[in-house]
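Attaching a single structure in structure tokens format; questions to follow.
Chain naming follows the written order as A, B, C, D and E, and within any one chain the residues start at number 1.
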Amino acid sequence: TRDTVQVAGSSTVLPFSSIAAEEFGNNFAQFKTPVVGSGGSGGGLRQFCQGVGTNTIDIANSSRAIRSAELETCKANGVNQVIEVKIGYDGIVFASRIDAGTFALEPVHVFLAQAAQVPQNGQMVANPYTRWSQIDKSLPDQAILLAIPGSNHGTREVYEEKVILDGCKTLPEVKAMPSGDQNNFCLAMRTDGRVVEIAGDYTETLARLQAQKDAVGVFGLSFYESNRDRIKVATVSDVVPTVDNIIAGTYPVSRPLFFYVKGEHIGVIPGLQQFAEYFVSEAASGEGSPLEAAGLIPLSDAERTEVLNNIRNKKAL
Amino acid sequence: MNNFSLILMLLVLMAVAYQFGMVRSRSLAGGNNSAIMHSRPHHYGMMVGLWAVLPPLFIMLLWNWFSPGVIQSMVLASIPAEHLPDGEQAAIIMRRISNLAANFGIVAEAAEWELNAANYLQALRQQSALMLTALMFIVASVGLLLSFRKIQPSLRARHQVEKVMMGLLLLCSTVAILTTIGIVLSMVGETLKFFTFIKPSDFFFGTTWNPRFSTAGVADGSLTGSQGSFGLLPLLSGTMLVAFIAMLVAIPLGLMVAIYMAEYAPSKVRNTVKPVIEVLAGIPTIVYGFFALVTVGPFLTDLGAMLGLTIRATSALTAGVVMGIMLIPFISSLSDDILTQVPKALRDGSLGLGATKSETIRKVVLPAALPGIVGAVLLAVSRAIGETMIVVLAAGNSPSLTANPFEAVSTVTVTIVNQLTGDNDFASPQSLVAFALGLTLFVITLLLNVVALVIVRKYREQYE
Amino acid sequence: MSESTVLNDAAKVKMTARDVKVFYGTNQAIHGIDMDIMENEVIAFIGPSGCGKSTFLRCLNRMNDTIDICRVTGQIALDGQDIYHPSLDVVQLRAQVGMVFQKPNPFPKSIYDNIAYGPKLHGLASKKSDLDDVVESSLRRAGLWEEVKDRLNQPGTGLSGGQQQRLCIARTIAVSPEVILMDEPCSALDPIATSIIEELIAELKQNFTIVIVTHNMQQAARVSDRTAFFHLGNLIELGVTNDVFTNPTQKRTEDYITGRYG
Amino acid sequence: MTTEVKNLKGNAATRSKVQQQVVNSLQKRHRQEKLFRGAGVAAVSISILLVVLLFVNIFSKGLPAFWQHAIKLDIYFDPAVVKIAEKPVQQAGESDNEFRQRDLEWRSAVGMINFNRLIVDGLQKVIPDANEHRRDLQRIVTSGERFAIRDLVIKDPSIIGSTQSLFLLTDANIDVWLKGNIDRSLGDAQQQLSPKVREWVESLKAQGVIQNRFSFALFMNPDSRSSLASAGLAGAFMGSLYMMLVVIVLAIPMGVAAAIYLEEFAPKNKLTDLVEVNINNLAAVPSIVFGLLGASIFIGWFNLPMSAPVVGGLVLTLMTLPTVIIATRSTLKAIPPSIRQAALGLGASKSQAVFHHVLPLAIPGILTGSIIGVAQALGESAPLLLIGMKSFVASIPSSAMEQSTALPVQIYLWQGNELRNFFEARTSAAIIVLLALMLSLNSLAIWLRKRYEVRW
Amino acid sequence: MSESTVLNDAAKVKMTARDVKVFYGTNQAIHGIDMDIMENEVIAFIGPSGCGKSTFLRCLNRMNDTIDICRVTGQIALDGQDIYHPSLDVVQLRAQVGMVFQKPNPFPKSIYDNIAYGPKLHGLASKKSDLDDVVESSLRRAGLWEEVKDRLNQPGTGLSGGQQQRLCIARTIAVSPEVILMDEPCSALDPIATSIIEELIAELKQNFTIVIVTHNMQQAARVSDRTAFFHLGNLIELGVTNDVFTNPTQKRTEDYITGRYG
């Protein structure tokens, strides 16, 4: 049988998971270093839910919570013990090129920049804005060009829920709509090329920014941290995205990251439980830990204790 | 005994049987000089070897195919009726039992009857393995003895051995068909699933590609049913745009290279330059992608700025140009072959009339080779359409219906990668669409290839 | 063999060869040949396989240039002008000295385009009607007009072997060469087609100088005025055809003609 | 009669009218000829230029990554810090398993020791004001080096108490800074390194304590995420190697067998036509489609392990098969039928004729075709992304069933790494390694072709 | 033509053909041929190109089997045994009826291996020394031994054309066939090599029955005992060589021999 823990899933979690795996391998001589595959949250869960046995993975990384349909598939395939482990938070930032203007964004600015239609004088008109300064005087006078994550990214969901919907629903005209229509209206995007969806990873967004000075892109906090020499970050609702602000909950755009452990494999795959516990331990992902250094926003102490207990008790979904 | 050691045993047996057969045929030939053996000793050896090994091997395959089902039904039959629900549940119970038997993945406490069943399963498996070994042994011995006794001068051992060999060769050549079947099978199921979500007409004729995040709004409850749009056309147009640009680069360059190599270059130049250009064909596409991303893209942007154009660093142009470079040797070596196939008699005919070399090439050789070259170009197009890594890195991944080469586009291949390795719900149309795209792509390249093949073949026949 | 014995003084010399040697790489295929070719005569080259007939023929319009390893020394002149002179334009030479090959090689184009190809190249006809005229007259002279006049737009490759060969001859005369070289023009043809071509040669003789290579001694006897016998890269004997066949001066010629070898 | 041979040029008088027209057309036609030929030369030159450009580009980017900055420290293996028990030795009568157990326990114990202390102590010796900036001090040596030191102790515990002079890799950001890959004029907020660290490394570099040395780590280490500077290619290299083994073992014999059957034995009928179309089609099917096939058939149905080189190898085998078949068939076609007839005429059976005469003659062609197929497989990455080989694997696989990545995938992973300043060069370095492999395979093919070519 | 007229009663019949017809697809190449081939005679097949000489020759050792579309009807017997009988092993037949081809086709192996291949294949020599003997005697009988005895390990493809053809003959006799079929064995050779082969044939006649196809009537006249003239897939005339050439019974034979066509 297999003696290596096998992990797959979200590419957002991949770096953290890889570091945890490497540290785990280095710190626990008796276990092999877990292997961390990517393939996206969906791909990871797909493999996770394929069944029980050595040729299925033990842990699925996910940048979102598992969906009920997926859980059902899991159960149908004999995976009954799906243990959810929250590992921390990921901050999502807006950044522009180092030599471009400095942004202090509000969610509604972003909505107005990307929407297909915006309210003007009580009327819905096709988005007329071409420069940020037209949206708000405080914004730099540069062309609107927004590089947002493609629809295959988990980040997109957070972006839409925490920025677009929030910003959109502050508008009185939207509030006046029937609630069933609100979301559809808010999420409709302009199609004149000012909003581009990046289906690749953040390096592609960065390449976009390097090619076009005016572009504003959406990045993960850790990616921004590693590329501070090229991009600068925008504040959202006047909050600077930092680890502290996100932990404190003042920076709005963040999301939890998870992994899912296959309870059936605990005790069979050597090191599985130990790895899961190590991952969420204070030493690996607490403050001052390697994972924090890599950009993971740690759990609060209460959350951490709960998660650890879940693992120990094999508390399945 | 596991399958691997069984196979090893069979191999040993085969060597022994081979010796037997050989020795016997030798002694037959030697003992009685008037007997002229039909085949050589090693043929007899091989024949006995095959008879000793093939039947048991066949039995092993059959056994491995059927025995799990038999064992499973025996185990199910042994389970007390009150624990035995029907249908779906049976599979789950069975999985649990086999997990128990393998000591793997058991979570909750096992019930008494489950343990019993697991033990029974374990025992049955052992018995099965034993029986298989015994059976194989018997069959092997029978095969060996019978074939050994059959050895006679008139026995056509060579024919038998050659027949088996032919079967083996035939088997290998069906792998290609199996692969195609595998490709189609692996995509059809998921594609059909996809079409239960999205109407085929919306997929094939849709003009927007905007597959919302699979679960956007689901949690919220208010957005259910909004799956986004899955229009194939923007992807297809992006694919075509990139392929078109690639061809704009590759055809003139590749063709001129081929013409120069085939018609003008002295053999020394040809012998050195050809491998150098073919190096381009051996470079992994990921390398081209990287080259496009970090060098060609920025260069084109700067160039565009000088000319007053806005060219994105990652754009259809970047991907197309780099892909074109990749395809130069592909076109040049295929066309080179085709040009050299044009009979010398045609060239002589034209030269003999007082045509210059270029006139001969342009007016006689190229028209004659045209069908073949078109075939080569079509093959190159199908490559361009199927190319992934360059586009992943350099086309900018923006599925929009545009004809502007300076804009970012996305292609079918890239979208397959993105949708399948993204964060989408794996049972959602967002990720199932990858299979529909894959199948579409397969069909497109299949058609292109068939057309190209037909053309190239026609062309070959022309001179045969 | 002294030349004076074979030359008809009334005739004008069209081409001359002096000490022509041909090498393929290091291998010498022709060992110094001298020859005069008269205007409006048919001269046949015969000899066993590999003796250099085709090689020498190809020297006469420099088709040998297309073979990389082939090297020619000595002098060949057309109307007194050295055809291997560096400043001479091969293209022009080949328009003057046309060639018909062993296997008929029509271009994969229409019959019309096959004939029009040469004149168009050389700008011999500026108008469509001029071109039509050239095509018609060439086909007529090659005795093919009646057979193809209704299907000028059909591919030349669709004709029968004999017709194809006549098409190639027509194509050659369309550029009004002065000399026509033919390398075993009938070897791929059946007896009937062969006899038609032979008649054609007899007619063409009025306007052109014709050099023909053949394996078939009967053919040489039938069509040629003079015959040259080659052996192992040497010109053994050259004389009036009838003399060569009935009364060869050389032993080797006699052996060959009576079938002692070959 | 003798005719004077003249070297006359343009003897216009003797020319017919037609020939005069020919002369008139010549100038223009020769110009066209030159142009056309020029276009050919230009195309060839451009193509060669592109090859050169690509190579120069990649080499200029990648070569610096073969050298990495390392800091020379005197590490004192302080017994007060490294407190460990005796290294276990296998006793007589002890079973292997028991010994392994004890050994593991010992290793775990060694693993608990804070080897970072040793590094920090070493750094303090070369940095005067180290104590005031302890946090910055942690940033100098890349984090993986503490395990390298641990492994030294495990290998030979007797070094405890001694002082060793070691070169330790500096942090990736320091390497970037020292190589000038980052804009030094940027403000502190935009820099990865704190001002203090920058000041330190500058002076250490000047003193020669930090040196730019050939990076063996790049070749000896597997990939790393937590200690970027020690990330290496060994894992991916082995993964590629195993995949190539699978491809060679499966694709070549199967491809050759199929080609022999189709070319020499198969009757010409609808079925073989179908096979033929199929093979040609498979040769051009997008590689990504093979990835889909691999994911659902090999992993989904046959339950082969994820991210294992076997699966990658199988997928690549199916991709390579058509190449091998096509190459082999064309080689077989090129062998003159007279050889087959000769053998048949002597009373060899058809298969004897093929295996005794045709196949040996085809071997050089088969080899070159196969090598080119294998080289293509080596560079293929798209299908691997779909069968889980786009993985982070921090160990070097020791069999084809163990998880690993492959070289092209590693390139893909590295080019997407967020620490671009560091990984852009590393990616190019990895490309150089891949290209070197590829080129040596290709030259092997050329050499074989030259060496064994039989002329008839 | 009745058989009795051409059969020499003293000689033993080696092979017989009765009403042999050969089809290539739907195209009939041989239209019912009857023939007897005597032991230890040399029989020559002549006739214009495409008349079916090679086709008929290949029927005699079933080399036609290798052509997919080829179909043979009628009966051919070797020593009274039907060679197209389903139970007959072709491989054995071909060892009995050997073949030498138009173009010399030595294997690209050493001279020794070229000769030794057949004996090894059929297990005719168990020891190395036996094999050496077979090789030497075969080469001797083919008149090649003196020329190659010092370079038996060099590739057979390195020999000259005539030597190669003799090597192929030696290779054929090494498996001790009873009949040797030769399809234009000299057409690729120069006159000197040709005459050596012709002498060889005269010698081989002592031990083997030889069937030879040739285009060269002089050659047929020189080497053969009897000559068969084929035309358009029919056997027109078969008789003692001298008679056929000097006194043909058929008009078509006469036309062909006197060069009226072909």
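Quick note on the criterion: contacts are C-beta pairs under 8 Å (C-beta built on N, C-alpha and C of every residue); 3 or more make two chains touch, one makes a residue touch a chain.
Since we're looking at a predicted model, the values are computed, not measured.
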item	value
Contacts common to subunit A and subunit E (chain labels)	B, D
Nearest-to-centre chain - CA centroid comparison	B
Chain whose Cα centroid lies at the greatest distance from that of subunit C	A
Top chain pair, ranked by how many C-beta pairs fall in contact	B-D
Angle (degrees, nearest 5) of the CA superposition of subunit C onto subunit E	175
Euclidean distance of C-alpha centroids - subunit C vs subunit D, Å	60
Cα-centroid distance, subunit C relative to subunit E, in whole angstrom	37
Length of the line joining the C-alpha centres of subunit B and subunit E, rounded to whole Å	50
Whole-Å gap separating subunit B and subunit C, where each centre is the average of the chain's CA atoms	56
Residue numbers of subunit D (touch at least two other chains)	22, 29-30, 300, 349-350, 390, 415
Contacts with 2+ other chains: residues of subunit E	91, 121-122
Shared-contact residues (touching 2 or more other chains) in subunit B	158, 293, 354, 356, 359, 392-393, 420-421
Parts of subunit B lying in touch with subunit E, wherever the complex brings them together	37-38, 40-41, 156, 158
Of subunit E, residues touching subunit B in the complex	89, 91, 121-123
Partner subunit D, residues of subunit B touching it in the complex	158, 162, 165-166, 168-170, 172-177, 179-180, 182-183, 185-187, 190, 252-257, 259-261, 263-265, 273, 275-280, 282-287, 290-291, 293-295, 325, 328-329, 332, 354, 356-359, 361-362, 379, 382-383, 385-389, 392-393, 413, 416-417, 420-421, 434-435, 438, 441-442, 445-446, 448-450, 453
Contact set on subunit A toward subunit B in their complex	1, 10-12, 38-43, 45-46, 49, 51-54, 62-64, 67, 69-70, 73, 76, 78, 80-81, 150-154, 156-157, 160-161, 179-180, 182-184, 187, 189, 191, 193, 196-200, 204, 207-208, 210-212, 262-265, 268, 314
Subunit D-touching residues of subunit A, taken from the complex the two chains share	2, 4, 6, 8, 14-15, 17-19, 21-23, 25-30, 32-33, 35-39, 47, 50, 53-55, 57, 98, 200-203, 206, 222-223, 226-230, 232, 290, 294
